[in-house]
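Look at the two complexes coming up: chain A is in both, with chain B in one and chain C in the other.
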Partner chain A sequence: MNLLSKPWIWSWSAAALTFVLTIGLTSGRGAGELAYAALSFGAFAAIVGLGQMLVITLGPGNVDLSIPATMTLAATLALKAMASMPGTALLGLMIALAVGLGAGLANYALIFLLRLPPIIATLAASLIYQSLAIWSNRGLRIKPPQELAEFATGRFLSIPNVAWVGLALAVVVWIVLERSVWGRWLLATGQNMRAARLAGVPIEFVRATTYLSVSVFAGLAGYLLASFSGGAALNMGAEYLLMSIAVVVIGGSSIAGGNSNVPGVWGASLFMFLVISMLNSYGAAAGAKNVLTGTIVIAIVIAASTRKGRI
Partner chain B sequence: MKISKMLLGAASIALIAGAGHAGSHLTDTSDKRIALSNNYAGNSWRQAMLQSWEEMGSAAVADGVVAAADAYTTSESQATEQAAQIQNLILQGYDAIVINAASPTALNGAVKEACDAGVTVVSFDGIVTEPCAWRIAVDFKAMGKAEVDYLSSRLPEGGKLLEIRGLAGVFVDDEISEGIHAGVEEHKQFEIVGSVHGDWAQDVSQKAVAGILPSLPEIIGVVTQGGDGYGAAQAFKAAGRPTPLIVLGNRQDEMQWWADQHAENGYETLSLSIAPGVSTLAFWVAQQVLAGEEVPKDLTVPFLKVTQDTLQETLANTPEGSVANVTYALEDAQAVIAEAN
Partner chain C sequence: MTEYESAPIVTLTGVKKHFGPVRALDGVSLSIARGDCIGLVGHNGAGKSTLVNLINGGLQASEGDIAFDLGDTAMQAGVRSVFQELSLCPNLTMAENLRISHNALKGIHWRRQARREIRASLDEVFPNHGIDADTEVDTLSIAERQMVEIAIAFAPRGTSARLVILDEPTSALDAGIASQLIAHVKRFCAAGGAVVFISHMLGEIFEVANRVTVLKDGHIVAEHPTEDFTRQALVDAMGHVAADDPETAIVAHALGAEVVRTPQGLAARAGEIVGLSGLAGHGQAAALAQLFLSRSSAWRSGTSPDVVFVAGDRQRDGVLPLWSILQNISISVLRQGAKLGLVDTASEARVAADWKARIGIRTDDVQNPILSLSGGNQQKVLFARALASPAPIVVMDDPMRGVDIGTKQDVYAMLRAEAARGRTFLWYSTETEEACQCDRVFVFRNGAISAELTGADITEEKILEASFQMQTAS
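After this line comes the complex of A and B, so read on.
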């Protein structure tokens, strides 16, 4: 097994390269600071990216577009319930996860019962979740409880706590995908749903659990992000729609499904943060920044996918 | 006793004159219907804007000033969607449409249709360039320049600045940034060494600032566009850097942070933004136009400034997690109109 044939190597190389280029500008100062920031902010993209990866693995047409709205709704309701009071962090977490679970159930119900294509179902549902978030709190930012804010912005062994959460989740997802029956079922479903069904894979169970997982991950990410940045905002999830899909694709998972890549998602999450930081540090104008980001992303996707074609 | 009675009399005459203002030399507007066409509701500023409209609108309907003051918001913030909405409002027979537009030019066709159908169109915040509409604009350039002017008064020796911009490609972002750069041009002791886009959101700003900070020298001031100051402060704190002078944008969490910092170490700054209640100003302007008042097409709304002296009072009046706000009354609209005349 050649190292270059691993699809995840491309996102990690790109992340390392942008890191070196950014640090090159400061002649070495601030390397720790930048790595720390990349791990903190990369964690949120990684958590939603892992969920999106599971859904995309389900096969063509499967994608969850309700991630931003689920994040916003989970964070809004959790922070409202906690009302900045000490000792409520666990309650908030439970609410955020429950909202995620509810959103996942609703999404799957639309897909299964109404036979809607997942793109339409999750997009329509996201409008409802976003409206619920607006209706429940009219966009007021409530501060997280002190100890939760300290946890979300704190560090352990000089790695951000949120990155630990993201890493732990990545390990769990990796084990489930590589070592459990459910993981095999998911891959089989993604590669050929009809063949999987004929082989006795409970494909509707697999689909249901996948759509539940992604929403629970989104709920968790929303809860952590709101605690990290000092409150839930109505537009807090907006950038995670494309981000969640981008990190999956850049990470080397197949957009056609049936093939997922956990380490690549983390590499891509770090890269997505670092590339913006690099372009900002070099003082690129907004237009140039977008063009360059797009070009770099396309280049990596091409590199990662041509290699994979040979396996 | 006599004097107080006279005063009371004068006051009640003024009150009657005020309430029946439309009846004095102007047309009665009690049978007129005004609609708000809004393109976005997904942040706290817009929510406060809609709430101001709702409160003032229902009061105006109850007082019989107008027959209806309904608010409509599009779901996707698309110009095409808002154009269709405006066409619907024309068909529904509204006498005036107050618009916060998704684009300064893309709605011009629909706005022209409204004007041709005899509907009064007043745009505010997100204004439209169609000549037949009224515009209540904010002098965003002056706002950007005011930030640098303030910094130069506080830091006469100058230094390096970080600029946090808004959403790339939106004209407000270009205007404020232009004002900031004009200010830096004037106060040569300042230099902008870094610029990031914070999308007017705390979490996006925090992320962008955290990413650029490692490559920056010592920063003494941060110029912003509103909604991003708290995120910037968090990023500086996380990086273990001293907190620079951050110009804020009237969000409650920013002002609370400012008050806490002030209590702790005497931190002072300036906060300025547009009050979301500008929607109510637009309402009164529309009402005045309907009443037959001569109103110039281009009006300017002052921005709301919070200083150390007014911080506590503003903070007390701002709901937790919201934005500092002012609800404008008929008199304010008349003052703005008189100023433009």
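After this line comes the complex of A and C, so read on.
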């Protein structure tokens, strides 16, 4: 197998190049800090990106737009339950995951029972989740328990703890996709849902579990992000809407479905953080950053589709 | 007459086409003149579709020369093709599909003119077709789509058709429609047109062609006027073992209890091969799909499924295009041998290697992509997928499209052996000949069962009679 034919190599090369360019600006100072920050912030994008990747693999029209709202709601309810008290970290995690599970069930119920297109169903549902978060939060900013905040900002073997969580999750998703029966079913469903059903694949089971997974991942990401940044905020998930889709596309997964790429999601998550910090170092305005992010995603989609056209 | 016999429409000299290491065509010389009707035969993967794509300009030859008498391109020379994999746009109407290849249709009234032209062409090739020019293609049955595609190929489209290449045109058509097509091909050639007719049905080749070209492994191994061939000589030239008379091969065996009974009246017993017949598009495919969906779940998948499906419409219902041959075969048997939800890759590879040998999939390596196979070989993969599973009921929706005669004989034998072991087959076929191999035949008309034939009653005449009854009565 040629290394260049692996789609994830591109996102990792891009991340490495951006890293070098940014370090070049400071003539080598702060390389360790930049790598550490990239791993910390990249972990959140990677966790939601892995979930979004599973959904996008289901085929055209499948996407979860409720990720930001699910993150916010999970974080808000978890922190409220923990109420900054020591020894409640596990309780908070359970609540965050349960919120994710509930959001996933609600999303899939809308898609399956009301036959809504996923893009509409998850967007509409996200308004409800966001409203619930506002209603339960009431403007309070509750701090995470001390030991949880220490875990979320801490490191192990000089790698951030949140990055370990993101890596472990990536390994699990990779094994599931590459080796498990469920992974094969998901990839078959994404290529041709009708053919998969006629080959005996339980496609509704696959769709349901996929929409549950993405929401649980979003719940986990919300819980970690709130613990990392010292509390839940109502706009904390906002940037992860485009980010979750961008890292899937840049990571080399097919937006037409049926083909996914776990290492690419991590490479793309690092790349996205590094691009933004590079623009910050060059003193670019917030608007310019958004324009550039959009441009990169569009360019990658065009490049990916022309590459396939030539084969 | 002499003038156009001297100048061939297209001349191929020493044409080669390689796809990487695969030599699809290895030095083919052929010339096609006006009035010719060439029957092109060969096993699956012999290079027939590649040859078609070289003549119509879809592929560039790796070596050799392709020359036309009029202009430089196939389009200027009036070369038209009807492909084995249908190529209409499903979301457009028939008339709009005609426009895609008909640049002369312009102005605000182009739709009206397109309707008129497609209607005229359909009426000419398939009298009494009953298809409306404003129908969207995705609402048509596969047989109707094939008819539309053929009509578009013969339509005037600004310039007239001079050489029409038909790649397995009758595989989705029933006998009545196929004979209309054959009659039209004969008229077209008598009027100075040329046709290349590719088919695995040798009866048609003998009926329509005045010259037969046999391809084998990328070479032309025989090319003679049709009358110089016997059926046996043709089969031998393609390199198959002699095809037995299928009817003598039916072995009577005891049937078990009834395992299928649908509200529509479709029934089958354990170990029985049940045929669904009648004119194409009269509800057979829908009845089978409904049977499959009602006996399997979209929520659960046990280790031993009750029923498996062999698709005939490969692109829509069967092939998983991004995957290898191996993954396409194993998808229905993944639960077997899976531990902790993980695929047992060793047994998966064993199953794929076993079926590659048993059904003769022409590939070096089952890790190759499924799309590297020719249409007939993809069909073999779909057979392997279903037969590898232990499911007691096998539903087959016209599964022999594009499969060569040698493989058909092998598959018939395999079906009989599996049936003798107690498996039940429900088999929809557009070939009446295949229906005659079944233990029991249900004839469909207008979405309902019009006749149930058993034993000696299963004859071509009785099936046709039951297919048409309504029309003769009214």
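Here is the rule we use: the second predicted complex is superposed on the first by the 283 of 311 C-alpha atoms of A that agree within 3 Å, B and C clash if a C-alpha of one lies under 4 Å from a C-alpha of the other, contacts with A are read in each partner's own complex, and residues count from 1 in each chain.
Note that contacts are C-beta pairs under 8 Å (C-beta built on N, C-alpha and C of every residue); 3 or more make two chains touch, one makes a residue touch a chain.
Note that the structure is a prediction, hence the values are computed from the model and not measured.
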Fit or clash between chain C and chain B when superposed on chain A: fit
Partner chain in contact with A:Tyr240 - chain B first, chain C second, else both or neither: neither
Broader residue contact with chain A after superposition on the shared chain, chain B or chain C: B
Contacts of A:Leu225 with chain B and chain C, given as first, second, both or neither: first
First (chain B), second (chain C), both or neither touched by A:Arg138: first
Which of chain B and chain C A:Pro202 touches, first, second, both or neither: second
First, second, both or neither for A:Phe19, with chain B first and chain C second: neither
First, second, both or neither for A:Phe217, with chain B first and chain C second: neither
Partner chain(s) touched by A:Trp8 [first = chain B, second = chain C, both, neither]: neither
Touched partner set for A:Trp182, first chain B, second chain C, both or neither: second
Chain B and chain C, minimum CA distance [Å, superposed model]: 35
Parts of chain B lying in touch with chain A, wherever the complex brings them together: 41-44, 46-48, 51, 75, 165, 168-169, 194-197, 199, 201-204, 206-208, 210-216, 230-231, 234, 238-240, 251-253, 319-322
Interface residues, chain C side, partner chain A - complex: 289, 292-293, 296-301, 305, 308-309, 311, 316-323, 327, 331-332, 334-335, 338, 341-343, 345, 385, 389
Touching residues (chain side chain A, partner chain B) in the complex: 22-23, 25-26, 29-31, 33-34, 36-38, 40-41, 127, 130, 134, 137-143, 153, 225, 228-231, 233-236, 238-239, 273-274, 276-277, 280-281, 283, 286-287, 289-290
Residues of chain A touching chain C in the complex: 175, 179-182, 184-185, 187-188, 191-192, 194-205, 254, 258-259
